[in-house]
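Below, each structure is written out as structure tokens.
Shared chain: chain A. Partners: chain B in the first complex, chain C in the second.
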Partner chain A sequence: MTDDGTTTTLAERGEDTAAAPGHRERRRRGVTEQQRPLWMLIPGGLLMTLIIIIPLLLAVYISLIDLDQYTLRRWLEAPFIGLDNFVEAFQSGLPNSIWISVSFAVLSTAATVPFGIAAAVATQNAYRGRSLVRAVFLIPYVLPSFVVATVWRTMLQPDGIVNNLLAKANVDGGLWLSGPKSYWTLILVEIWAAWPFIYLMALAGLQSVDGEVHEASAIDGANWWPKLTHVILPYLRGPVLLACLLATLNHINNFTLPFVLFGAPAPDDVNVMPMIVYVTSFQSLRFGLSAAMAIVSLLIIAIPLFVYLRALRLDVHEEGGRK
Partner chain B sequence: MTAPTRRRPAAGEAHRLLPPAVLFAVTVGLCAMVLIPLLYIVLASLNTDLGVASGEFWPSTFSLDSYTRIWTTADLSTGLLNSMLVCTFVAIASAVLGTMTAYVLVRYTFVGRITILRGLVGMQSIPGTLMLLPVFVLYSSAGNYLGVAVVGTRWGLFLAYLTFALPFSTWVMVTYLRGLPRELEEAGRMDGASTVRILFRIIVPLSLPAIVVSGIFAFLLGWNDVLFASVLTRPETQTAAVALSIFGATQEGGAIPVYSQVMAAALVTAAPVVILYLVFQRYLVGGLTAGGVK
Partner chain C sequence: MALRRMRAVVALAGAVTLTAGLVACGGGDDEGGGGGEGKTLNVLIGANTQYPEEFQAWQKSVSDKFKAQTGATVEFETFATANDELTKIQTSVVAGSGPDVYAVGTTLTPTAYSTGAFVKLGDEQWDKIGGKDKFVPATLGISGPDEQNQVGVPWVSRPFVMVYNTEILKAAGISKPAATWDELTQHAKQLTTGDQYGLSVGYKDNFDPWKFVWGMSVQAGNPLVDGKTAKLTDPTTKKAYQTYFGWLTTDKVVNPAAIGWSNSQAIAEFAKGKTAYMALTSATAAKALDGGATKGKWSFALLPTVPPGATSRPANGVEAASILSGDNLLVADYSKNQDLAFEFVKLITDQEVQLEYYKAVGNLPANAAALDTLKSDQQLATVAEAAKKSVATPFTGAWADIQLALTNVVVQSIPDLSKGSVSDAQLDARLADAQKAAQSSLDRAK
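And now, the complex of A and B:
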């Protein structure tokens, strides 16, 4: 039994070193590199190619053909029209949607940062009931988006609870879910649902502050506000910037919130990119045009994504290389 | 003997970031922001439809009526069953395939490894609307060209959910496995154990919490989806998310809107998610930021 095992290992090592160029490095790493079970990548890799890479390439192709409900049945024969879909996309509502999406994402991110940092700073020091408070802070983030959107939609109805309470204070709430105010409704609900993400990332950042830093500033006799802004917050810059990047990506990609909050087609003021792509394909049934719009939105997302990928440590071979 | 006990509170004082009054104000403010809407949702679900429609915050009569009536007015049971079924399979498939793929990506070097890792992160940021369109075209052409109906089936939805659950689970496992010391496996390898044996006897038992977390996140991604389910399901195969969204949207503008039932239905569809978080809270909070994408 043991003999058999060793012979196969030796044989495989012989093959491996003869074939692969990185031979010296491999020897240094020792036994682990002798038999690389690359076959284990096949099920996951094959599946991801099949369900992600191929559809993505297909999306690029669809954006170049004139595909609508008539040509869908025989889409392989749909006429190739080059960049016409992209031209039409920019002549239609797309630039407006890009502006709405980007401004909505940036405003939402900016507004959630103070909440997140305040929550992280407030739960950093232990006190009785802190774990309960931490659990409460996570609630909006844990609730599914479609639940958050449904309950806020109900509360913000013209005759809903929000307007009723405002009426008691002699304020006319007006319409929250249509007209120009809908844009601010979307931002407010997104802030309510998304601030705990910044909180979690800021909390992780606070944990990296050394105890000595606190003691040094205590000896200096620093007051809490200068200590917070000049000593503690600089430690949070990295984690919070990363959190902002990811949060902005999530806001731009958020389909569920506007879709459930306002329904499709969305009011003009909240016609964000995911909504215009969805309505163009599944209500107007202009699949080619919609694919072109989706690809433009991917290109816009690629900017923050590229920054994130550059910042992320990917060389996982270094032990303890967690970001 | 007294010196160390006296120094300890002093050190605690130095670590204190906020004076008590500010701490109290911030905590109460944030808790109120979260809990007041939540309190209203719970109260409204325990109210009657009439009471909610008349604008009560505190119900004049408490009843569990809404919780019993939603099963007939909204198609919740079909939705919950479908969601449970599809998402469980998504969770299992993502956790198993994700663990295998992540193990190889973390432990072995080969050409294209960094590209794959970068791709895993990138894939999570692809807008769902961009993925849905080609998936829909492929599914409907499977019906047109091959005569296999995929649109409207549960397994079609299962495959569609894997497009975002699989990269996410794999990434969660990558971040976990690279923190695992290599020495444990090398001991096994010295004894001549095969890779599969090492994976199942050493890696899997050690990383079971992470595997469970990656599965739960895959489950939640599926459970929370509205986009794919709204296009790829029929009424018989619709998920809880779609059932709730439709129920919420169609109840407006009627003679007596059934807002109380909408709130009850919302809480019922959120319950599985909340229970999962409560049970696995310790493990899940770390994972919330691991992949960075919800």
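And now, the complex of A and C:
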């Protein structure tokens, strides 16, 4: 029917409206298709191929060979071992790391959403000093991860400032950077560093709410709480869901924070996926095994991404139709 | 149809341009060999963050000397961490192009060797750089798996020593620092009173723990690797961990906060003047020690060389005062300037430049004659002796994994340490894990 997949919609429309084949041909060639400058995709497409697709294919290939420091020099001749790397990955610490990473990311996201939305609502209406408050809210977001982690690590030392303060209140702070509590430390610091992202997205969502909506709800006599829950929050659903998705992916991929906070080798409780991939790759030098782990991580990240992106696209259409 | 053809042409043109760019990036080696006129030698070397200006000045001075000698230019490239360097080695090895000469840390040398990307040193190469005899014999211990297969030329030494507070020891009537681990523990117990601790240890350091464990084990006759067999569950190794943990849990001679310290934090604590011993440091700590309350009150000493639980070293024990620590120079076998590279290696391992480098950044010479000239300084004499009594860690590509496994035992034990004891069962289980990791890495070694 069409000469390539991308014109399906056009062609279908052409079929519906035009009865005579000759007429249809003219319409297709005549207006829309020729004016689409598809060739402009070429530079971007080539770059994508070069910096995403080729390395990705290489990673897939590396995950299937026994590549380590002994075979690195002749890496094209490294023995092909099929799925052995994947089997080994699942027999080693990977499932545990997946569990830690996913739970850490979901908990961090869930905890940052209320903070972000509350902060956005608090800075929506103009008041004296609002711009200062907004700027202060963004501080955690603009600080480099490395700095955030270093400062927190210093504060959370066994004899650090946090434990000293707790001791004054007769609380034994204990160990923050080792053992089971390190997992909660990681979440705590991640929340501190990441909530402004939700705030930014929620703020953007709030500002897109029309003035008429506020007027209408005022005329209807809605108090602030029903107005917030029934009028404003539904508007935020799209941007905040997108923010949640992006934030979760960011949490899963965060390497700097655990690495600087806990060092390598990491305590078992915070051995997240990026850490295990890093240690396998750059300390144990098992590139094949770590590539397999990285690909498993990629697949795990891709599942929610795929589901959400589909859901989100529907959302956008709906809103587009409303306007 | 015309449109499709155009698309194809543009795509092709784009692809060709990109490929050409890639090829251009891949090139960049210098042509030819022999005399040095107009050539450039690339040298990869660790950045010195402590004395950056002196380090730069030294680079300039060496470049000038080399230019005068050979006519070639030296381009220094620096790396910040061992991991950066490893990444550089990996990419150069894969690409077959990169620096001509690498300065590689001693414990990383076996890993670099295992890639097979460096020139093996035969008599010819050793002659070019002035012979093996010009080096402190111990520094050659980690140049290769055996005499016939050496790749590393010793460049600088950074041996580990112990430091003690002379005033605290004197006040307690202790005339000589401890020479055995048991004696150290006993001194530390005696010197722990009030807010004063006997020993400062960085339990949370990413490297220190394995150095203690290796040292105590090898002194008791277990070098941790025997051929292709890992021996991490050996009683000597267990005893080493128990001693190391015991300072905190049973002897209580270490500040409980030490479970969060890195090596530099442990030094900083010692420098406050309230600690008798700091068991693992190197000559570069002198600046920190002079800058604190310990100014004029500290002295280096050799680390104990008699294993814990013994009063003399067993027959198969090794007198290891330190791991063999420092940097080796390796020449890449893809280098088209190998002759020049060896001339450069000779230059910077000769007495004059070695002493110049020592004065610039404080790293000890690997050159024997140069090291001898430094002995008049009492503190340095101790460090120099530690350099001579340094012992190489096992030369295997699996060492990086073994080191990691040894450290991991301590990392995972820290919560128990903070509760006051690491039980036998816990230690056994962690040692078994470490043994498994070490053995599987040795099994893969080629």
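Rule of thumb we're sticking to: the second predicted complex is superposed on the first by the 253 of 323 C-alpha atoms of A that agree within 3 Å, B and C clash if a C-alpha of one lies under 4 Å from a C-alpha of the other, contacts with A are read in each partner's own complex, and residues count from 1 in each chain.
As a working rule, a residue touches a chain if its C-beta (ideal position, glycine included) is under 8 Å from a C-beta of that chain, and two chains touch if they have at least 3 such contacts.
Here the structure is a predicted model, which is why all the values come from computation and not from measurement.
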Contacts of A:279 with chain B and chain C, given as first, second, both or neither: second
Contacts of A:235 with chain B and chain C, given as first, second, both or neither: neither
Touching partner for A:201 - first (chain B), second (chain C), both, neither: first
Contacts of A:308 with chain B and chain C, given as first, second, both or neither: first
Chain B versus chain C as contact partner of A:73, first or second or both or neither: both
Partner chain in contact with A:184 - chain B first, chain C second, else both or neither: neither
Chain B versus chain C as contact partner of A:43, first or second or both or neither: both
Touched partner set for A:174, first chain B, second chain C, both or neither: second
Chain A: partner with more touched residues, chain B or chain C: B
Touched partner set for A:224, first chain B, second chain C, both or neither: first
Residues of chain A contacting chain B in one complex and chain C in the other: 38, 43, 72-73, 75, 157, 159-160, 263, 282
Interface residues, chain C side, partner chain A - complex: 3-4, 6-7, 10-11, 14-15, 18, 83, 86-87, 90, 93-94, 111, 114-117, 204, 206, 255-257, 259-261, 397, 400-401, 404, 407-408, 411-412, 414-415, 418, 441, 444-446
Contacting residues of chain B [partner chain A, same complex]: 11-19, 22-23, 26-27, 30-31, 33-35, 37-38, 40-41, 44, 52-53, 55, 57, 97-98, 100-101, 103-110, 114, 116-118, 121-123, 125-138, 140-141, 144, 159-160, 162-163, 166-167, 170, 174-175, 178-179, 181-182, 185-186, 189-190, 192, 195-196, 199, 220, 223-227, 230-231, 241, 244-245, 248-249, 252, 257, 259, 262-263, 266-267, 269-270, 273-274, 277, 281, 285, 288-289, 292-294
Complex contact set, residues of chain A against chain B: 2, 5-6, 9, 22, 25, 30-33, 35-38, 40-41, 43-45, 47-48, 51-52, 54-56, 58-59, 62, 67, 72-76, 115, 118-119, 121-125, 127, 133, 135-147, 149-155, 157, 159-161, 164-165, 192, 197, 200-201, 204, 211, 214-215, 217-218, 224, 227-228, 232, 242, 246, 249-250, 252-253, 255-256, 259-260, 263, 273-274, 277-278, 281-282, 287, 290-291, 294-295, 297-298, 301, 305, 308-309, 312, 314-317, 319-322
Complex contact set, residues of chain A against chain C: 3, 34, 38-39, 42-43, 46, 50, 68-70, 72-73, 75, 157-160, 174-175, 177-180, 263-268, 279, 282-285
